[in-house]
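Quick one: this structure, given as structure tokens, is what I'll be asking you about.
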Amino acid sequence: MRWQTVKCWDWGTDMSDTKPIRLGMVGGGNDAFIGAVHRIASRIDGAFQLTAGALSSTPEKSMASGAVLGLDPARTYTDFEAMALAEARLKDGIEAVAIVTPNHMHYPVARAFLKCGIHVICDKPLTSTLEDAQKLVAAAEDSDALFILTHNYTGYPMVRQAREMIGNGDLGDIRVVQAEYSQDWLTEPQDNKQAEWRTDPARSGAGGSVGDIGTHAFNLLSFVTGLETEALSADLQSFVPGRQLDDNAHIMLRFAGGARGMLWSSQVAPGNENGLRLRIYGSKGGIEWEQEEPNKLWFTPFGEPKRLITRGGAGAGAAANRISRTPGGHPEGYLEGFANIYAEAALAIRARQTNTPLPPEVVFPSVQDGLIGVQFIQACVTSSNKNSAWTSL
Amino acid sequence: MRWQTVKCWDWGTDMSDTKPIRLGMVGGGNDAFIGAVHRIASRIDGAFQLTAGALSSTPEKSMASGAVLGLDPARTYTDFEAMALAEARLKDGIEAVAIVTPNHMHYPVARAFLKCGIHVICDKPLTSTLEDAQKLVAAAEDSDALFILTHNYTGYPMVRQAREMIGNGDLGDIRVVQAEYSQDWLTEPQDNKQAEWRTDPARSGAGGSVGDIGTHAFNLLSFVTGLETEALSADLQSFVPGRQLDDNAHIMLRFAGGARGMLWSSQVAPGNENGLRLRIYGSKGGIEWEQEEPNKLWFTPFGEPKRLITRGGAGAGAAANRISRTPGGHPEGYLEGFANIYAEAALAIRARQTNTPLPPEVVFPSVQDGLIGVQFIQACVTSSNKNSAWTSL
Amino acid sequence: MRWQTVKCWDWGTDMSDTKPIRLGMVGGGNDAFIGAVHRIASRIDGAFQLTAGALSSTPEKSMASGAVLGLDPARTYTDFEAMALAEARLKDGIEAVAIVTPNHMHYPVARAFLKCGIHVICDKPLTSTLEDAQKLVAAAEDSDALFILTHNYTGYPMVRQAREMIGNGDLGDIRVVQAEYSQDWLTEPQDNKQAEWRTDPARSGAGGSVGDIGTHAFNLLSFVTGLETEALSADLQSFVPGRQLDDNAHIMLRFAGGARGMLWSSQVAPGNENGLRLRIYGSKGGIEWEQEEPNKLWFTPFGEPKRLITRGGAGAGAAANRISRTPGGHPEGYLEGFANIYAEAALAIRARQTNTPLPPEVVFPSVQDGLIGVQFIQACVTSSNKNSAWTSL
Amino acid sequence: MRWQTVKCWDWGTDMSDTKPIRLGMVGGGNDAFIGAVHRIASRIDGAFQLTAGALSSTPEKSMASGAVLGLDPARTYTDFEAMALAEARLKDGIEAVAIVTPNHMHYPVARAFLKCGIHVICDKPLTSTLEDAQKLVAAAEDSDALFILTHNYTGYPMVRQAREMIGNGDLGDIRVVQAEYSQDWLTEPQDNKQAEWRTDPARSGAGGSVGDIGTHAFNLLSFVTGLETEALSADLQSFVPGRQLDDNAHIMLRFAGGARGMLWSSQVAPGNENGLRLRIYGSKGGIEWEQEEPNKLWFTPFGEPKRLITRGGAGAGAAANRISRTPGGHPEGYLEGFANIYAEAALAIRARQTNTPLPPEVVFPSVQDGLIGVQFIQACVTSSNKNSAWTSL
């Protein structure tokens, strides 16, 4: 076993109060993928303890799922509003809730818990409509509780490394951004439950691939570069007959300050599993990162040999090391990156509870980021409907 | 988010009893890398709850580490034998213990808990001497408790995939095995604590790189191929002046049935972080796997195009899917692989407690595997001392 | 040395007449990169013999360059029109001419030789203006001589493999094309000769990166997919202050039949040397190819493991094997791909001279392909000037 | 097209005399792979002109092959001794001969030409027996003519780069060498002509894979590191029933000064096409190079990010640039590397003919290197027959 002085996220080392945060969950009945991911992410560092849930709107399913997860039946709910009210009254009620429902439920569920002062950790995209997104921003502003959006890819250490390097000016002025998120699981018509709601405008929103994954790519490029998107030109397609939402999208981007970008999202690209990829070029150098090999970051200063920076290895800086759990060469993956959002949430929640200022290095996607993401989806649909006219966000 | 019907290891789905197993830990005071890894691995699936510990032999350190980890002070020990006896007497005492001390302590600690009927999950290598290894095998045989050795790399899904394919005959008769485990952290003299005990024969055993990492590579090739090693020829070196144990080792292997192999272990190979790599060739095809890209397995049937099998993707079989948590393209890493050993341990412990037969697909490294590993280390040292004479295990 | 029955392009094996074709060259004085490339490409298979040249318009330079190349001083010219006339009159005059001048000279030079019945092998893009391109098409149609355009990347065996597979329907209906050509050599202002004419509209044409490299990517995607481009939307940028032509271009494409594409060309992307890359996805599968690793082609049939097809290896078909010179694993490169265009040209010239029908597998970029390339450049500039309005070719 | 001031090997630029060297060939009848490779390599830079040949010992085959290659029938021979004598007498007789026969003929053919003062370019390994090798060294020493051995892999620019860096001390003291050369074409019994003589001890020599490819790997590691091999321990296998020579070999190496190495050669490793790979580690850093991606060299200074040095790109030094023909990103391959040996040979021949001192940067494998190669093969066989006893070269 190789040893390096990489900071290890083991429960307690960053916490003065060593008791786990009591967590509730809405959605995530036992056959839902993303619910299981949130639960694992919340457990890895021991910072949360799942304590209550409204895992399904069907009573029997909710109770069965709760039992499997070891929940107290008294704290297994079917109605999220009842859950919010009941937990808020308990002395040891939940301190935070994870929302892992289909998109159209994000707003009403989040509102209910925010009203009760319970911190919200919510899956992306923020909402299924722009109107809901704006109302949710207002609800979050009106609440003392925190709102954390799980744009989980911002939790990868080498994504933080890229962001830090760009912030430090290592790339010079950013000129070109190439972002893409390609999958293949919708290449043929699907009839499983996951595909069903994702391709239904009523539950998913106006965007198909754009809403499901394009928004991740957009969030990631914004997070890493700090660039503000002024306008986009989009050409959306639905290649599979009968599909109501886009399954492939071609987008050109114009950023404040003159940088330009392209973004490709696709769920009909055979051979692509989860191909989120970011390439950024500036006047002094470039970086390249791929989600499927998340521990590596290419840095290419102009006129010098390419450098491969590895998580936990030489060249990794403070922002990446802070959220690394293992030394270089011991790969971290999707779940650790997701867990980093939960770890940041834990730090933020404890800070809020203790009226302690949050250190500036603790970062996580906010409700504002979520609003911009929904604006992005909306602008893509609008532009595409106008024959790719440049459209402001 | 891509959806596939990959089996997800979320707590409860494989367990009839949903209460976590109560776990103790010996060693792993709060600045030790491997202790933190074991704790995370035990937490990921929610199958264990850390409940007691003798985290350090220094009283203040043990108490301080216990407090950080949220342990009850009454169950924070400094003496592992006292801990074993006390916990065995408690009604809700620990059901299993994780041993994460330096190698020379594995035997006495394991013996103490095995005697008390507490299941043991022990870091590798099994012991620092062959004599201790043989005594530990006897102690495990005398106990009703289970012994699980954390040769964690056997927990990677694509390692299981390789094993399954070879078992199915996809490679034909195995002819050639190329194994290597290369690191660079001992390229220069080290003075940190991790390096200190690993390069001290009294605490680490007779092998340096051979004992620390070579034994992992050897265990892995044995696990994947099922081949029995008959003899080896080794040439061990200590390149850094003053180092007492090997930091680089060249080994040739002869297997029962006629296959041959090479194994290289090194901790002085600059640029190699954790380069465990396995390549196996048979009469019909080959496979290649690298720990630093654990979600990929190359399969090269002779006379056909190379195929890249991905975890969670097309071509992955039952053995790999069973221990996958996320769909293809969502990379799993070192901690998930390690957690799979804990998950297997949990299944085995619950089966033992309920007198249920363990399904054949549940596999983990045993005390016998540990003995063979120590024999391997010993044979390397012996052969090298005899000018690389072929030496039986 | 590995042996496989790969067809080897050694001089004579495809030729009934074993005498090399007498070749002239216009441009390519001894310090010009592309001239040297054409000469090597013409020599590799022994199918051409450089016999005459107007290597420079400066008399001393032309004579000096000719001497270095071993040309007869009597056949070293300064005026290309004089050369065309003189060589046409000679009994053993050149049979073909290679044109490697800056773009604006392609048309007048090609016209001169075509008029004299001398076959033309011309560098890309066809011309610097659309008007010239149309006139050159007419000139070629009026002549008995052949016109071959060195869009050299169509000469790579694995590009032919991709084309053959798509033609065979292995990918199903093509839906998405992702093409890119990224370089970094214009990241900073340049003052060398190569950069000078390439960034001067008078000599290079209206396109910068679009004309120099984007046209290669466009030609390649058209060649491989067989798709006809109906319209494009382009956003062109000049990032380096003072540059007259685009150094980065973002383009969306719409093809006849409904497929869509994106094309990125850049000469300001640090870390990219010669990053021509093509990814094509259909209803049944995908392919990926990169010029910097030209011997590999990824084929990803939907729902099956990824396959890596290698030049000369298993899976390579007739179209690729026909133009391979070495077995699998013995990498061929840029010069061999370029030489394949010359080899095809030699076959076509000999067939024309002997009134033999040209086998259908002999393919090379034509004057029509060149015209479409210039239309592409023009459409990019037009669209970008109209705020990325969709523009027909 | 990217431009960089990479030195381009176009005929004449390094030659004061621009007339090609007249070349003969022994062996290489038109269906032999390696003969075609030598011919292409000799043509790429225009530095040689094939003028005479004894392409086969069968008269009709020799005449037919000569005709295909455009040779004057008067200079197409069947008897190599007759050819040597006849050509030596001609005023414009060949200046050099390429020997591309099976191994057992290298010595008698080379001797015949060396006696006549004709320079010899000979395929590897030097001879099929150690005795022949020693006699050939003597013959070369007795002759005024040059002897160049085509260990072609030393002609790759990035191999020269590695050698230059090690010579400059960039890796510190070399400690560990990992060399391998893996193929798969002999995985199953073969009956083609290439396999036939290569697996016949009488024509190939005592080594199978060791002689055919292991000797390449050994030559390469010696060339790059400059290390002298003191002893080796080998375990040779013939996995395919009935095969007379080894098809897989495991070898440990000890070098003068204390460095150690491993060498694996195999022709039964499915999925490996031409897997020559070299990894070298020293006290300050490491390098890695693979023949199948010859334009890349990893350089890993200890404690710094990995660097990828590319041929023609940033970081490439004088030794590599000197023999590069194209800019970075325009891949060169096997034939260009082979051609570099011919280019060096041309420089050496012209220097010898003009009594000019050869610049120190011109390097090529010598008859002495060939002798060491045959000693290596012999030592492998001897060691393996003595149960892998350490054996001096």
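Going by the order they are written in, the chains are A, B, C and D; count residues from 1 in each one.
Convention: a contact is a pair of C-beta atoms (placed from the backbone, for glycine too) under 8 Å apart; a residue touches a chain by one contact, two chains touch by 3 or more.
Values in this document were obtained by computation on a predicted structure and should not be read as measured data.
Note on connectivity: the fewest chain-to-chain touch steps from subunit A to subunit D number 1.
Taking the CA centroid of subunit C as reference, the farthest chain centroid is that of B.
The chain pair with the larger count of C-beta pairs in contact, out of B-C and A-B, is A-B. Per-chain CA centroids place subunit B at a distance of 44 Å from subunit D. In this assembly, the C-alpha centroid of subunit B lies 55 Å from the C-alpha centroid of subunit C.
Computed from the mean C-alpha positions, the centre of subunit A lies at a distance of 33 Å from the centre of subunit B.
Shown for subunit B are the residues in touch with two or more other chains, namely 272, 306, 310, 313. Contact residues on subunit A toward subunit B in their complex (touch as defined above): 1-4, 8, 10-13, 18-20, 30, 33-34, 36-37, 39-40, 43-46, 67-70, 183, 185, 192, 194-195, 212-213, 272-275, 291-295, 310, 312-313, 325-336. Residue ranges on subunit C touching subunit A, taken from their complex, read 175-176, 178, 180, 184, 187-188, 233, 235, 237, 239, 248, 250, 252, 254, 260-262, 264, 266, 268-272, 279, 281-286, 288, 298, 300-302, 306, 387-388, 390.
Interface residues of subunit D, counted against subunit A in their complex, comprise 299, 303-310, 313-315.
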